[in-house]
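Read through the structure below, which is laid out as structure tokens, and then see the notes.
By letter and in written order, the chains are A, B, C and D; residue numbering begins at 1 in each of them.
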């Protein structure tokens, strides 16, 4: 049992297989779709959806390391996302549109995110757990204020528009001839950069939660007092978990900036992004890492494709009182909110938890 | 609170001294009339914040429920004010103190009732199932907040709505060379009335005695024969009704209602609860005024830093006293 | 005094706390007008028995009846309203309320019955001096006095007290013993958990001994007090004979 | 027992809650390789004394010395890493993790690799094997895959002991290890404690109510009463002393 050497797939997945056949299938389908997205779903819009899914998988998974594995409810996660995005945005806007600026900006964003996460972690040493969530909310809004006020640096409310390195420009051509009818331009390069980075980061997080360190995080979630009695300095672990999650979120933010060639407070810092992440993690299944990945797919797809469906429904309900307003495409969050509440009540382990429970 | 008073040791005076100290420290930075204007404005803002935060501090303290949905009731109150004052535009714009006041009273009453009723439903449907599970409380109330905000938008639309004050409260008058807005005095008066009422309720009535006892030890209150769930509902409804009341006052103060009015205030309210200490009405009152004053002083001296300054204040208080200025209950 | 009949009766009561099976079928009768001692070592299930009676934990099986009526399914406040007062091991004092307020909570809507209050304060004069002090400022013994006063400030039919002598000085214990002896002279039925055998012997009429979530002995206190071998067998804490 | 410096010592150890001293100036030295039973009536301060030694509580006054070095200022994790192992009176597990994982976390703590976040935990089969070995000692190996919360009470107590074994401490602190166990389960734990004692170099502190257990295992008994140390000596002489009779049974001179 424990002595056998794990195979290559197990090593890649850090020994944490999804667990059920249906789940394996879903995840394989997701992986294949994302891998071949430019060819399966040609078009700017589809590619943007696929890229957003990749980025939000990283973001939601990194939040799960905090919420699901360690049991810490923080509302400052978008702040770290924003730090990475602003790092790249500012570097590209103020310096040059080169890879050096991208790396410098991402590194600065990650460093800032880690530093702030460590400070928040150390503060949590002194306060009650209840306060912690509230404090993170306040800190996140402070960051939002800073981003809108430091206009010279961040572009304020308007944000920053910038150029990316040449190979990522839409006008760039990788090959003169289309492949499978798809022209390999800078958009495709950008997509594969994001896809590869997201896949690597996801596998890294899978490794982290299945490492000795990750097991201690679960121990802290289960019984912090006992974890201390075993000799684990839980503050150190909580702080490190926060710092790792913050670094991952910042990297996701850097990818977001490269994708959009723009960054502003609404895209990466607003509370609605935080709400999205929360929905992804909880609906997908806390503490499973695969769950948040599925949750990210559900949420991003809903954002893009539920709205047109709702618009059609809303139109067909014209004449009824209130109903058209409830099914207005802008109200999609209402229905996801309801779904969220129902999941917390009835399937606290989310989609993945439910699937695993059925199988096991 | 009387019991608190007797227990209070010398170090608590440090917490009380904070208010006058901050007020006086800013005086040299500005003219007296400016200072007076800002101080009155700070008090007025503090009172409105107190209305919104008072209920939440009791809900936290008594029920140990960590709700992030309080802002939804503020939003509800604010939008009701738009509807009621819109319907009573004749009264609101009339050149008569009495009619203006009646319009305001009608809006306040409507908000009080509607937010209270919504709070009742919220407690029965959502909160009741998650007693004793903090993480689920946080998640479920965030979900409730999302739904509530969306419903408000479905009813009143997504665009910000203007909300003019009733005619008589629009102007200001000069006191000791300082311009004082009439409306701010109304806010201060209402805040003081609510504070006094809560204070009397908590310290002079059996229900108040039960609430204070329940904050300390719920199980024992039940073992003495009291049905605590009713008390919970009562406190929750009172808290949400007050949030609605505060929502009306704040919306009129801003003269503009946006869908995010509640969630914006939630952050300030959390800051107040953290500074004041959970479960203490007196602490909440002091912290609310503190936040109001700091926001106004800093807003004048360095406008960009106003909200940031309260967050910095909160951090400073936490480093000084990790449980807030006036903590209640055994840890 | 209607001697003999049981006021409170537990039959085959099982209690689970989470997944822990704590009570394994408790049978206990508390007779009217008498003081029943519930003894047993740490972890035997005494506190769980009291909390189950009060509805603070739900029995998973078995019957609990008070004055002939089943109370096993009632909520705690409704059980208390039948005239049952409970003093938990932690005493349940509201530290931030005054002594007066602590007592007032246990009275009916009309407030204090002055005569009754005088009686209670005569039992524990120390409380009179602390009348307007926060209960948190009382000493451990005074808190225990307050807790018991609160339980008897109104006439109750059954008084349930969990280890009142825990951590108290001998002088205070003697005062508590005197108080229980005085209470016994009234109509009050008392169920008392105790580890202090001296206390138990001084005040108990009946005795029940628990071990591993069951009652392993029930009878008259006098019999147990006289039989040292039985004590050793049941309580396992008689040190004297192990030399 | 004065031949060597004590491995553990408390000096005037005191903690006050409000005005009440729950542990009141307890000075006591424990020699390496001995088993000391700590007895006393409920509320005497035994568990509080344990909490002060293992660091769950901080002393109001006095000192705790481990191998002559003051550890009073250290927190529980640091003390655990220095060899103070503690099993709790109220079962204190990681409820949703497997039985194996509960013990494996202790083995991992002992191995000091908790901060390694790039190795697959599953590749450290050696840790899991050690965990299984400890489980086998308390006869729980067959339940390794079950969530800890699913075990019956007695098995949870055994798991608690297996976790303590896995920490491989120099000083074992047992707080009523057999409380709530059924009669047939008790010998497993007592044999285990005896086996640890037989290793010779392990120091054991045991809070226990059952006098037959104390007589069987203890080299020495100390008695706490109202937070103070009131008797100390060989089991037979301590049991005989009048002060213990009064403290423990509440018996007066009259008896």
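Assume a contact is a pair of C-beta atoms (placed from the backbone, for glycine too) under 8 Å apart; a residue touches a chain by one contact, two chains touch by 3 or more.
Since the structure is predicted, the reported quantities are computational estimates derived from the model, not experimental observations.
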Ask   = In whole angstrom, how far does the Cα centroid of chain A sit from the Cα centroid of chain B?
value = 34
Query = From the C-alpha centre of chain B to that of chain D, how far is it in Å?
reply = 50
Message = Distance between chain B and chain C based on Cα centroids, please, to the nearest Å.
response = 44
Inquiry  = From the mean C-alpha coordinate of chain C to that of chain D, what's the distance rounded to whole Å?
reply    = 31
Ask   = Out of chain B, which residues touch more than one other chain, so two or more?
value = none
Note = Touching two or more other chains in chain C are residues 136
Request  = Return the residues of chain A touching two or more other chains; collapse runs of consecutive numbers into ranges.
outcome  = none
Query = Chain contact graph: line, ring, star, complete or other?
reply = ring
Note = Pairwise touch list, complete, is A-B, A-D, B-C, C-D
Ask   = Contact residues on chain B for chain C in the complex?
value = 1-4, 6-7, 206, 209-210, 212-213, 215-217, 219-228, 328-330
Task = State the interface residues of chain D toward chain C in the complex, per the touch definition above.
result = 18-20, 22, 41-45, 91, 149-150, 152-153, 156, 176, 179-180, 182-183, 209-212, 215, 226-227, 236, 239-240, 244-245, 248-252
Remark   = In their shared complex, chain B is touched by residues of chain A numbered 71, 73, 123, 126-131, 133-135, 137-139, 141-142, 145-146, 149, 271, 275, 278, 282, 322, 325-326, 328, 330-331, 333-334, 336-338, 340-341, 344-345, 348
Remark   = In the complex, the residues of chain C that touch chain D are 18-22, 41-43, 136, 139-140, 163, 165-167, 169, 173, 195-200, 212, 236-240, 242-243
Query = Of all residues in chain D, which touch chain A in the complex?
reply = 54, 56, 75-78, 80-81, 86, 88, 92-97, 101, 104-106, 108-110, 113-125, 128-129, 132, 163, 167
